[in-house]
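Here subunit A shows up in two complexes: once beside subunit B, once beside subunit C.
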Partner chain A sequence: MTTTPTESPEAATPPPGSGPAAKTSTTATKVPQGHRRLLTRRDRLTLGLMAGLPTILHVALVWVTALASILLAFTTWDGIGFDSIKWVGLHNFTELFTNNPQFWPAVEHNIVWFVALILIPTPLGLFLAVQLDKNIRFSRVYQTAFFLPVVMSLAVIGFVWQLIYNPDTGLINSLIGANEPGHYIDWIGDPDLNLWAILIAASWRHTGYMMILYLAGLKGVDPSLREASALDGANEWQTFKNVIFPTLRPTNTVVLVVTIIEALRAFDLVFVFNKGAEGTELLSILVTNNIIGESSRIGYGSAIAVVLLVISLAVIIPYLIATFRKERRA
Partner chain B sequence: MHLTPSGLSVPGTSRRTLLRGIGGAAALGAGVPLLSACGGSGSSAGDSKTVTVGSNASDAVPKKAFAEIYAAFKKQSGLTVDVNTKDHNTFQEQINSYLQGTPDDVFHWFAGYRMQFFAAKGLATSIDDVWDKIGGNFPDAMKKLSQGEDGKSYFVPLYTYPWALFYRKSVFQEKGYEVPTTWDQLIALCKQMQKDKLVPIAFGDKDAWPAMGTFDQLNFRTNGYDFHVELMAGKASWTDAKVRKVFDLWTELLPYHQEGAVGRTWQDAAQTLASKKAGMYLLGTFVGQQFTNKADLDDLDFFAFPEIDPAFGQDTVEAPTDGFMMSKAPKNKAGAVKLMEFLGTPEAEQIYLKADPNVVAASTKADTSSYSPLQKKAYDMISGAKSLTQFMDRDSRPDFTSTVMQPALQKFIRDPKGVDSLLSSIERQKKTIFAS
Partner chain C sequence: MSTTVDTTAATAARKERTPVRPARIVLHVFLVCMALAWLGPLLWALYAAMRPYGETSEKGYVSWPDSLSFDNFTNAFTQSEMTHYFVNTLIIAVPAVLLTLFLSSMVAFYVSRFDFRINLFLLLVFTAGNLLPQQVIITPLYRLYLLIDLPGITMSGKLYDSALGLVLIHVAFQSGFCAFVLSNYMRSLPHELTEAALVDGASVWRLYWQIVLPLCKPAMAALATLLSIWIYNDFFWALVLISTGENMPITSALNNLSGQYFTDPNLVAAGALLTAIPTLIVYFALQRQFVSGLTLGANKG
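Let's turn to the complex of A and B:
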């Protein structure tokens, strides 16, 4: 960038096909001789705007709001006028940790969400990707079918799965006759069932996502590795275990990060499904329930948001440290 | 891409477009606060011929009914009403920032604590002058309901509807059931219905508010109106033996409720009543909206929740009331006052009821001759009540009811055995919320 010659604008003029025309245009631009500064005033203004505006927007919309919610976490505020903000110290947090019957279930469910996504759809996605990578017939069709849920919004997925889970008129209960009194299965309301019902819906989508990530990773595997292992007489499983899977390491890191993010931001599917009622509480939903509404508990909701932020940082910071360390070594 | 010898992509025109892009981004940045501020319709600011109304009547039936009221108002006063309709739930969720921004002159709202809250916060204009003119149209209970904690009026009620136990006349006739008036009769009827392979009481609490209606009925029948009000205001304790009694009675009644209530919407529960699979259903008269077949709707009837303590009988009726408030600084105050006065007339109510026959007029002056038998009954029930309640989330702090009571009642419905720890948890959370 710093080597940009000021002559570059002239180079942009049409190639000397029409000789005289090109000449006149060069003289018309009048590059000031001896003005050997790297960037013109306009360039600097442009760069300033290009770098400055996003920075201002980023600071205002990300950092200021994040800091504001951290500050608000130590106050009570109903959201009406700034004079009603009252400092309460750690009260919101003690209240949250000791008195809120939904808080610990919410933390637990966020963790369950992550573990379930890692254990079920991730291996499934890898399996599908390996099968599709073999260029079987109708590979494109399968690929599209499995990837389709990823294209849909989670809110829409929530509606679709409600049609399946609806305890009175839903597909499952209608098929197995579990909508009669006496042997009734309440997929949405029973806290022993509803989290798993939602996780199946979430996995349905996540599998396709994982499949595409792994498929991209597999396409990057050098074919000569496969040839070499075939020559060494390795069977398919041995090849996968000892040759292919180790080369997928970068993909695995991406998968892990993506899954952690999915687990922490889980919200829309549950909100559509049953608004985070008994059995499906999530931190993101607690934040929303406390902050949005006619007389909101903004301080309290911010305290929950801060807990979510701390958990996110606890996950992200080790990842960043590991990544930077690797780069430094490289 | 066209590359210069130095390897950089061509500036010139592309740089200009880029700058234009930045200008656009800057405008967008500036537009963010603008966008959030223009919740109302600021375009007609200061226009003395227009009154703006913020409306949550996003459903087709009420939307059309209100449009007809405004058309009649224009004919009478020459003032145009500019309606800014928002989705019903979104309106409620945003009401806070809406009223602090640039709200419309007049807005739809609910009576009770929800009205008093915004009045106390200075986000509404008191309309005692309007009440001087329309006061004669309303009974005292409605007048009281329209007042803030400071005793000034802030609200013009338009319509109301009672909560009661709904049933189908044909089912009761066929099986020879009688309308229960006491708790023992209710339990006996439930048992009989169960024998007859009916779900005694339809129930759906997926939206988390219907269970509050059941609590309200049980509480004011058991402990009376005054205790109910104290409890809702955060003054009485949830660990009081009186509250425990309510939950004991509820535990007795729960087995007769439809199974799996937490996973069912009220609309689906209403369908079980419509299809005669359930015998009764405790809800507001809006349950009639789910009876799309005219013959079914004519077959629908209701009775007041049975007496529990003879000292209180059936003297309290839960009747949520909807109406209008004036925002804190209306742009066209004179016009807004005129509109509020018009909304308080029996004519305005009649126009509304013609289009939406599931509710009854708040005014005693409104013509009841065109009422359906169901509306007449609802009207008699409300006008004969000694005390009127709104609904748990309209009589108490909404932050308490939505973040504490809704999940607590859902928990209770699923597991009524854990009631003691549940009540002490409610009480602990209530103390913090009401202290803030």
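Let's turn to the complex of A and C:
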């Protein structure tokens, strides 16, 4: 039954690139190897299953649901029975944009989240990475200290920082004597303060992440570049600015994309802190509130999810196109 | 023989870092301060967790301790039946990690070792899927999970509120990242390797299972470490897709418990630190794999 590849006539042709057969091959657009034509029917079936099953799972749970989000965004539905789904066109969106007091603050907070992460922990992480890349003693120990928060759950980080911000018993208020009634500084409850308080905790974690990404990037810098720069008499800052930093371009792209996505995904920390109450609304929190809160407004929640999806895809698609184009060339 | 090698290596190393310049000392002082500042919140949590509630409520938190003990840790552990929630997490994380690696390595094998036209598109679908914020898909997913009846298979009789449901979404979501990383890795393996085996009549399954997969061990180890920590740390999926407190994994259970039972910040601190211990152990034991896993995906970009 099983025909071995050597018996099939196709197998007799040499792999592409080593003979004229490669040029006549029209089925494959670019053929780096001849695997494809050596495959038996059974191999093809195996391959189909190997790629098919994971794809079905991924597409069904991630992409079909994303698509369903888009469709549901144009409906109202209380979630009880399919009969109650009603098409309402753009109604959810108009209500969201004009009539929801939480929506625009949430958008703003997501933007603030991104700007804060890119302005403070990212350069700090880069700075630490440059210092730790200098082949110094105890580098591992320092790295571990900065990286420890990245390993921990954001929910746990939320609990840890509450011990610092708590108005009564927290570290900051205890230190500055603001834990007496009447003198409270409510880091978690005050809408002018709480976003910044959370962002400090988020930055604490983000710095270590950025440091590791940059350290990996710096390891890839050709040492001869440094030598050449030193021979030319450049000082440390000049070397970094003119030689090292430009070579970190791929890392910078990754850092930018990671940071945008982290800003869009931000959720756990805020949820543990104050459930996204006044001052800390985020798009992710608004979506979730429609599911775990009492009100089950599925169409409306989906409309917010669609806003999040559109922003995400605006970042993801260009990034992936650039990445894959590079890979194809490589 | 070996001693000479050692000494030369040592002198070489010393030569590179010896001159104790003032700049180096300043750098070390700076780094020590920064490192302490970074560990500060965790050390503070540890300090709070080691003090009895009575003492801190009387003397305040910023005070010299009368006594330090691990009582809060044992109390948090027993009061909240943490073992139960750790087991819940294991039930979710172990199959999820193994299944993610298995499925994503198959996809990676398919897209990286063959030249089907769909490959690039397939890889794009997986990679992009992993980059989406979870909230984009949660509403329909939640509804879907409520719709799927699994009587007798899960405790709840549905996909909702079951460990199986969490395993599935973790696998679906994380396989995007792993497929991307593994396909890059597999592409770097020489083609002659599988070519020869294929010509000799090996099936594609054998190529995958006996040739490619064993060569991917370093990448798989790195991803396994990373996935274990990510899935262990998951808060969001469990929060939305699990409704019964009993079925929750440890991180979301802690959130539940701290609201319901704990009124004592020291006890919450102890609980939070206990929750973090397994990830810290994994990290310290497999530090190198973890870091290389993170950068496997990033370097390519």
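Operating definition for what follows: the second predicted complex is superposed on the first by the 273 of 330 C-alpha atoms of A that agree within 3 Å, B and C clash if a C-alpha of one lies under 4 Å from a C-alpha of the other, contacts with A are read in each partner's own complex, and residues count from 1 in each chain.
One rule holds for everything that comes next: contacts are C-beta pairs under 8 Å (C-beta built on N, C-alpha and C of every residue); 3 or more make two chains touch, one makes a residue touch a chain.
Note that the structure is a prediction, hence the values are computed from the model and not measured.
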Which of subunit B and subunit C A:324 touches, first, second, both or neither: second
Partner chain in contact with A:50 - subunit B first, subunit C second, else both or neither: both
Touching partner for A:159 - first (subunit B), second (subunit C), both, neither: second
Partner chain in contact with A:63 - subunit B first, subunit C second, else both or neither: second
Residue contacts on subunit A - larger count, subunit B or subunit C: C
Which of subunit B and subunit C A:290 touches, first, second, both or neither: both
Partner chain(s) touched by A:111 [first = subunit B, second = subunit C, both, neither]: neither
Which superposed partner A:230 touches (first subunit B, second subunit C, both, neither): neither
Touched partner set for A:187, first subunit B, second subunit C, both or neither: first
Subunit B versus subunit C as contact partner of A:272, first or second or both or neither: second
Overlapping contact positions on subunit A, where the subunit C interface meets the subunit B interface: 4-5, 11, 46, 50, 53, 57, 79, 166, 169, 290, 292
Contact set on subunit C toward subunit A in their complex: 16-17, 24, 27-28, 30-31, 34-36, 38-39, 41-42, 44-45, 48, 56-57, 60-62, 103-104, 106-107, 109-111, 113-117, 120, 122-129, 131-144, 168-169, 171-173, 175-176, 179, 184, 191, 194-195, 198-201, 203-205, 208, 229, 232-236, 239-240, 251-252, 254-255, 258, 265, 268-269, 271-273, 275-276, 279-280, 282-283, 287, 290-291, 294-295, 298-301
Touching residues on subunit B, where the partner in the complex is subunit A: 2, 4-6, 8, 10-12, 15, 18-19, 22, 25-26, 29, 92-93, 95-97, 100, 114, 117, 121, 123, 199, 205-208, 259-264, 268, 271-272, 397-399, 402-403, 407-408, 410-411, 414, 425, 428-429, 432-433, 436
List of subunit A residues in touch with subunit C within their complex: 4-6, 11, 15, 28-36, 38-40, 42-43, 46-47, 50-51, 53-55, 57-66, 68-69, 72, 79, 128, 131-132, 134-138, 141-142, 144-149, 151-156, 159-164, 166, 169-171, 174-175, 179, 201, 204, 207-209, 212-213, 216-217, 220, 250-251, 253-254, 257-258, 261, 264-265, 267-268, 271-272, 283-284, 287-288, 290-292, 298, 301-302, 305-306, 308-309, 312-313, 316-317, 319-320, 323-324, 327-328
Subunit A to subunit B touching residues, read off their complex: 3-5, 8-9, 11-12, 46, 49-50, 53, 56-57, 76, 78-81, 86, 91, 95, 99-102, 165-169, 181, 184-191, 194, 274-275, 277-278, 289-290, 292-297, 299
